[in-house]
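Below you'll find the structures, each written out as structure tokens.
In the two complexes that follow, subunit A is the common piece, with subunit B as its partner first and subunit C second.
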Partner chain A sequence: MRTLNLVLVSFVLIIGIKAQTADEVLKKMDATVYAPKDQQMKIKMIIYDKTGKETVREAFSIQKGFDKRLFRFTAPPSQAGIGVLSLPNEVMYLYMPAYEKERRIASSAKNQNFAGTDLSYDDMESKLYQNKYDAVSLKSEGNDFILELKPKPDNKTNYGKLIITLGKDNFYPKNVKYYDKNNVQIKELNNLKIEKINNYWTSTIIEMKTLKTNTKTRLEFTEVKFDNGFSDDEFTVRKLIQK
Partner chain B sequence: MKKTVILTLSIFIYLSTFEQEQDMFSGYFSPEYRIGLKNSEWLWNENRLQLTINKNFENKARIKSDIWIRTLDNKILVPEIREAKIDIYDFIINKLDITIGRQRIKWGTADKLNPTDNINPYDLEDIWDFGRHLYSDAIRFKYYTNKITFDAFLIGNFQGPRLPYGKYANLLTQDISFPDSIKVSQKTGSYPIILPPFYVKMNVNSTLFTIEEPSNFIKKTFSSGIRISSQIKNVDVSVSYLYSYDHFPIPYETTITLDSFNITTGKSYISTFTKLHYPRFHHIGADFTTSFNGIGLWGEACAFIPDKEYKHKHITPDFNQVLSSLFNLPYTDFGLVADFQPDSVIFKPTDWWVRFIIGVDYTFKNGIYTNIQYLHGFINEYKWNNLNDYYLLRIDRKFFNDKLKIAPISGGLMIGDYSKIQNNYAVMYFPEISYYPNINTEITIGCKIIEGKGKIIFNKVKDLDDIYIKAKFSF
Partner chain C sequence: MEKFANILLKYKSIILLIIGVITLFFVLQIKDLTINSDVTSYLPKTDSAVVLFNKIGENFKGNNILIVGYTNNDIFTYESLKEIKTITDTLNTIKGISAITSIINVLDIRLIDSVIHIVPLIDEYELPYDKHTLDSIKNYVLSKETYKGTFVSDDVSTTLITVRYENDFSLPIDKSLKKDSLFDYYNTMYPSPIYKIEIKNDSLFIKINKTELTSIIKDKLKKIKLNGKIVFGGMPAIVLDLNNIIKRDMLYLGTIAGIIILTILFIIFKNWQGVILPVLIVGIAIAWVFGTMSLFKIEINMLTNTIPVILLAIGTAYSIHVINRIREMYLNGYDIIYSIKESLKYIIVPVFFAALTTMIGFISFIFGSYLIIIKYFGIFTALGVFYSFILAIIIVPILLSYFPYKMSEDKKIKEKNSSKLNYLLRKILSLCNYKPTATIILFSAIFIVFSIFIFNIKRKVDIIEYFKEKHDTKISEQFLRKQFGGTTYMFINTEGDAQNIEQLKWLDSLQQYMKKHPLVSNTLSIVDILKEMNNLMGEGKKLPNTQQKIDNLWFLLEGQEQIQQIVSSDKKQALLQVILKSSTNKDLEDIINYTEKFFKTHKTNAFKYYHAGYPAIYVHLDNSIVQSQLYSLIIAILLMYFIISFLLKSLKKGILAITPVVGTCLLLFGSMGLFNIPLDIATVLVASVSIGIGIDYAIHLINHISYELKQTKNLQESINNATLISGKAILINVITVTMGFLVILFSDLTPLVNFSILIAITMISSGFTSITLLPAMFVKFLKK
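Presenting the complex of A and B:
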């Protein structure tokens, strides 16, 4: 009996240490990804359909912390001027020049693809992973950690789990596999060019694949600048409608 | 004039201090053709080229102009400068933005049907382009604090709406009816002959209308208003006040002229000449929008309060003159009085009413987008008893990475009188398919089918069901 108790206590301790470690890695990943106080960048979005045909969109984005972002298309003409403002508490506004007014977006739209890309509004959201997901397991493979995340109960995402591969050296994600609620992988994200800019690790080329449709979107970031000193005033409806 | 010149020069001096960014020209070309389903006639044939100039000056100012160059039913229309405005940000004080010029001031949060959007006159040329307004020459101030936004404007001159065009021209016309006959009586003790009361049967020969605009003084022509908006517990809310002219004219004087009169049969032929003018209303509005459990929710209401009593006066023929002519007499006062309908009161300040809309939208996980709205009171409906109910539904879904959008269910149900619903309803069905062959091109085909009974507005065009194709090429 005493042996059994010892085994049980050891088991609980191991599980506890492992969960804590996964949680710590998640926090370190968040700390790396969201380290800059703010950032701005130009984005080239290359969307490939299943035949490999390309469509190119261009955008400009500024971000502060992990819950304020202003994103605006600059090309092609049919999209130019369309802007999305993401704010805390799942508040999102869409500005379409043709509509001539900002419009609040229902959060149910967040699971849909953003402007024909393979990224959803949810993927675009700059919210800490630890606020949306629980770390449930951690594995070590060579120089990488393999982290498994499951959505928190209040996270109304389409995803059932995320498997993230991140470097042990910098805690920056290299690859993210997205699974649906039936545990079938539906998307895969690869950070193809991870580099250090102004002491911050960042990925300047991202590729997101949708496995079911065999489509992918490649994001290339240029003119990336960190710690610009953006005030909260830059992330307002006022700025969204000034184009 | 001197003030205008000084203001204009000041703006140019202000703008010249900024480093100018690259010019930005854009636009689109959009043809649209509609063919009647019942008899294959052309109902609409428009080719529109919009040119947009949008020049930003270091995010401190912006000039924007939209110009339409069009053909409509094979007629080449005069190019139209729809919008021409300058935005100046942080004008004099921080977070005060002003906009001067021809502009659209859009209030309200609902989706296309906005009861509080009453500033710019309606552009109803194409009745199926819901929510289209003309642009107005205005000066607008927006001041932002951390919690509250103040939005105020002044429009100096009066501008009437653009009424429906072509086959749809009668959609919004108001029926002005007359009684079949007028009773003519003689005042007691009248000289020189005694006549019993008689009836004049009226047959309308011709009807003329003229719409009078307000006199050209700013006191008579201006519109102004203020909107205050904020966010309270994740709900965007606003309240507004607007004093402006209504979009549709109402009759204020009808003169009936007797063209001929047969004293034996009592049969007459008349002409009517009706003068119309625009009533002015106080508008008190409120709206909200939020997202709850993933569902988008919005609501918008506007109280319409006439600023004074508006009457419709009838001027009937002078039967003493008629009788004098019949007897070849100089004008003689026979004491004849036409017992016609008294002046009717169309609006009075105590008889106000509220139009409102509530709506929800939701995007299901499979990508199906659903939008449901309930509207009480259409744009041309006045007073509580005349406001109809409109239930609107749209379901659409995008396919193939947004290359195809199908809206199999789109339309609405309109109910005029619930107790006689079988004779007071309209059903509209507007399915459509949009295809995006490339990123700058959208091609849409669809149809409009309307069925109904009664005096509900859309029943006036139920014989104009159509199939349409339209495209938009952005550049």
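Presenting the complex of A and C:
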């Protein structure tokens, strides 16, 4: 009996250590990805349809912390000037220059694709992974960790699980595989160019593929600057409607 | 001919072995045959209606829309919504689907307290369960034109889930992949049986097996335990059911027809040679035809699936004539080898011409018909006739030489004289010989009376009318049409710049115009959505008044799955979807004329515009059917007249031979008018089939009369002898063919049922005119 208890205790301990390790890796990943206090960048979005035909959009974005972001399109001309301001508690404002009006948007359509790209509003969200997902397993493969995440019960996502491959050296994700609730992989994200800018690890080329439609979106970030000291005033409706 | 008979009998073992090997080869090919009941494949790929329809499919997330109807007492209950979510989730797991739209995933944009809410109509993660919330959603849905009658029936008992199928597409081959891993990679990405991958030069052509996809969807959804009921509608569901019926018809009806023919032959011949041989030969011919079809990658459709039954009917005639001739000689006291040699000398020529004229009847479809499905039917039935002919003149003599009749002299005499058919034929002969004028007048009167009804013939191409009244498919489709005002989609496409304000204004006028037509139950275009959004921006429910505003609104729309069904991904094309309440020919033609009237009064060169979809396809089919009928008939009659005149070396005899055939055609079309049998994809074939069969009889009889005339120099005696021998074979054929075709009466497809009725009419008419009117005309016009 005593032996059995010992085995059980050891087993629970091993499980505990594993879970803790997975959690730790998840936290370290969050800490790496969301390390900068603020950031600004130019974004080029290249959207490929299933035959390989491409559409290009350009935007400029500033972000402070996890939940304040101003996103303004600069090209094509028909969409230039359109701005999206995201604030805490899922408050979002949209500015349409042609109407010269802003409108508050309450969107729970997180699973819809953002502006015709392969990234959903959910993917674009700057929210710590650990707040949305639980780390359920961790494997070590060469220089990488393979981390499996499952959505928390209150997370209204289409994803059933995420498999993230991240470097042991920098804890920055190299590849993310997205699975649906039936455990079928539906999307794949690749961080194609991971580099260190101002002491922060970041990916300046991201590619997201939607496997079902065989479409992909490539995001190229340039003029990336961190820790610019943005004040909260930069993230107001007044700033949003300023051309 | 004697040489042929000698060679045949000398090398009989080798010949049988060769036939056996060829048959085995063809049988092995059959497993690769596929079935295709897609209406669009009836027309040539280059047909404008097909080209435009496919173009719509390529640009707007597919043109094949499966309708899944979910019905319960009230769909706005927690239980019902949960079941709808389960159905939507299940559909989401299936590959090959480009878009699913249900009340669970439809995105709703509305203004509440000055805040634009872009939310799913129903939150799938927190399905409402309290009555107050459910009632408020119900009232909201019923208040919106875009939902009421489109997604949800007026009595809230039924909701629709539209499932769009991916279209076939090409992909450049990923050159980084080596040949071995190439197929593994693409097969994982596009698994069979939903996808079929073909390599064409540097790209992959990926085809969607729509029937397989529908079958998988139906199977998966049927496995879900539900309190509500699921019904399927739309073209994919109909096509799948058609395929299943085709399979069933081929298996069961083919077998039953075979058994019936075997039984009748046994009753008539009372020996196994007369029973087994005709069916065996046709069986081999059928295997050869389907083997050939498989070799050429020709799919089975709702017409070619009748080939086995048609060959059982027509193809047996050649063996029956050969067997009958050998048997008659044998009964006259000759030994079997001599009977075979002498019979072959005589019988090959008439059987050859009978086969040739029948083949011409079918081949006339190749030149006379615009419809691919009819062309293939013509080619492969003609080929089957050819195979049956060749096999009849080879296998029958060889097998009879191996297994000769064994009859005592007494039995031979008894057999020769006691036949009931002989008795019937003698009665007929006495009537025609003694009252030829009365016979001719009687038949002429019948033909004239029936021809009056020709003008009553109606045309029908609505695919749902192919099913019998109580068939599940028809009931489901009619239920959905009743609840949602139709499942027939018409597409009107504008091609230029879908965001351009002028193009959108034009589309708006068109949409308003279409809504006024009483046959239109619903419309949807990007204009509806832009108006809705412009309203949210505080400028009223109308199209934005500047180009910039439209451009700005577009930002919110991009990437939404539902938008991709009405705007092409390159944003050059904007589509107007029109759902029609009816799919009868007359109504579809009316709606097309109505649409084209708008095109004429609102001409513009700024962008292209056209309509596509099933209305145009049906109208093209309808016109082609009439055209097919007319051209095929003229070609067939003319060709047959010349051939038969050549064979009989007399233009006058040619006219006599063709008269019963033309008379039968009049009787046939008259019957269609009289019994309300429409001219459709299957019944359009009957006239040419009947000409082929009718001319067979005339050839056998006239040829036999000519042969007897040389021997006896007495016309009356020649007519009597010919009618007793060849007339008997004709009667045997009429009875077996008619009974064989009547089996198709049990098919679930109305055109095939009508087809079998008409063939039965044509057989009886051709048979009886050949052994009554034809001898009477000979007595009357050729006596001197």
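By our rule, the second predicted complex is superposed on the first by the 242 of 243 C-alpha atoms of A that agree within 3 Å, B and C clash if a C-alpha of one lies under 4 Å from a C-alpha of the other, contacts with A are read in each partner's own complex, and residues count from 1 in each chain.
Keep in mind that, in the parts below, a residue touches a chain if its C-beta (ideal position, glycine included) is under 8 Å from a C-beta of that chain, and two chains touch if they have at least 3 such contacts.
Just so it is clear, the model here is predicted, and its values are computed rather than measured.
Colleague: Given the superposition on subunit A, are subunit B and subunit C in a clash or a fit?
Modeller: clash
Colleague: Report for A:Asn199: first if it touches subunit B alone, second if subunit C alone, otherwise both or neither.
Modeller: The answer is neither, since A:Asn199 touches no partner chain.
Colleague: Applying the document's definition of touch, where does A:Ser78 land relative to subunit B and subunit C: first, second, both, or neither?
Modeller: The answer is both, since A:Ser78 touches subunit B and subunit C.
Colleague: For A:Asn182, decide between first (touching subunit B), second (touching subunit C), both and neither.
Modeller: second
Colleague: Looking at the overlay, what does A:Gly116 touch: subunit B (first), subunit C (second), both, or neither?
Modeller: both
Colleague: Between subunit B (first) and subunit C (second), which does A:Gly52 come into contact with in this model arrangement: first, second, both, or neither?
Modeller: Touch status of A:Gly52: second partner only.
Colleague: Per the contact definition in the header, classify A:Asn214: touching subunit B only (first), subunit C only (second), both, or neither.
Modeller: Second partner only.
Colleague: First (subunit B), second (subunit C), both or neither: which does A:Lys156 touch?
Modeller: In the superposition, A:Lys156 touches subunit B and subunit C alike.
Colleague: Give one of first, second, both or neither to describe whether A:Met96 is in contact with subunit B, with subunit C, with both, or with none.
Modeller: So A:Met96 only meets subunit C here.
Colleague: Applying the document's definition of touch, where does A:Ala106 land relative to subunit B and subunit C: first, second, both, or neither?
Modeller: both
Colleague: Now that the structures are stacked on chain A, which of 62-70, 332-340 or 440-448 shows subunit B clashing with subunit C?
Modeller: In the superposition, subunit C collides with subunit B along 440-448.
Colleague: What residues on subunit A does subunit C touch that subunit B touches too?
Modeller: 49, 55, 78-79, 101, 103-109, 112-113, 115-116, 156, 213
Colleague: Report the residues of subunit A in contact with subunit C in the complex, numbered from low to high.
Modeller: Those residues of subunit A that touch subunit C are 49-53, 55, 73, 78-79, 82, 94, 96-99, 101, 103-109, 112-117, 156, 180-182, 184, 211-214.
Colleague: Sort out for me which residues of subunit B touch subunit A in the complex.
Modeller: Within the complex, subunit B contacts subunit A at residues 26-28, 54, 56, 59, 62, 87, 89, 95, 97, 104, 106, 109, 142, 144, 149, 231, 234, 236, 289-291, 293-296, 298, 361-365, 367, 369, 400-403, 438-442, 472, 474-475.
Colleague: Show me the residue ranges of subunit A that touch subunit B in the complex, using the header's touch definition.
Modeller: Listed in rising order, the residues of subunit A that touch subunit B are 47, 49, 55, 57, 76-81, 89-91, 100-101, 103-109, 111-113, 115-116, 118, 156, 158, 213, 215, 233, 236-238, 242-243.
Colleague: With touch defined as at the start, can you tell me which subunit C residues reach subunit A in the complex?
Modeller: Spelled out, the residues of subunit C in touch with subunit A are 89, 92-93, 95, 98, 107, 112, 114-120, 123, 125-126, 169-172, 189, 499, 536-539, 544, 546, 548-549, 551-556, 558-561, 569-570.
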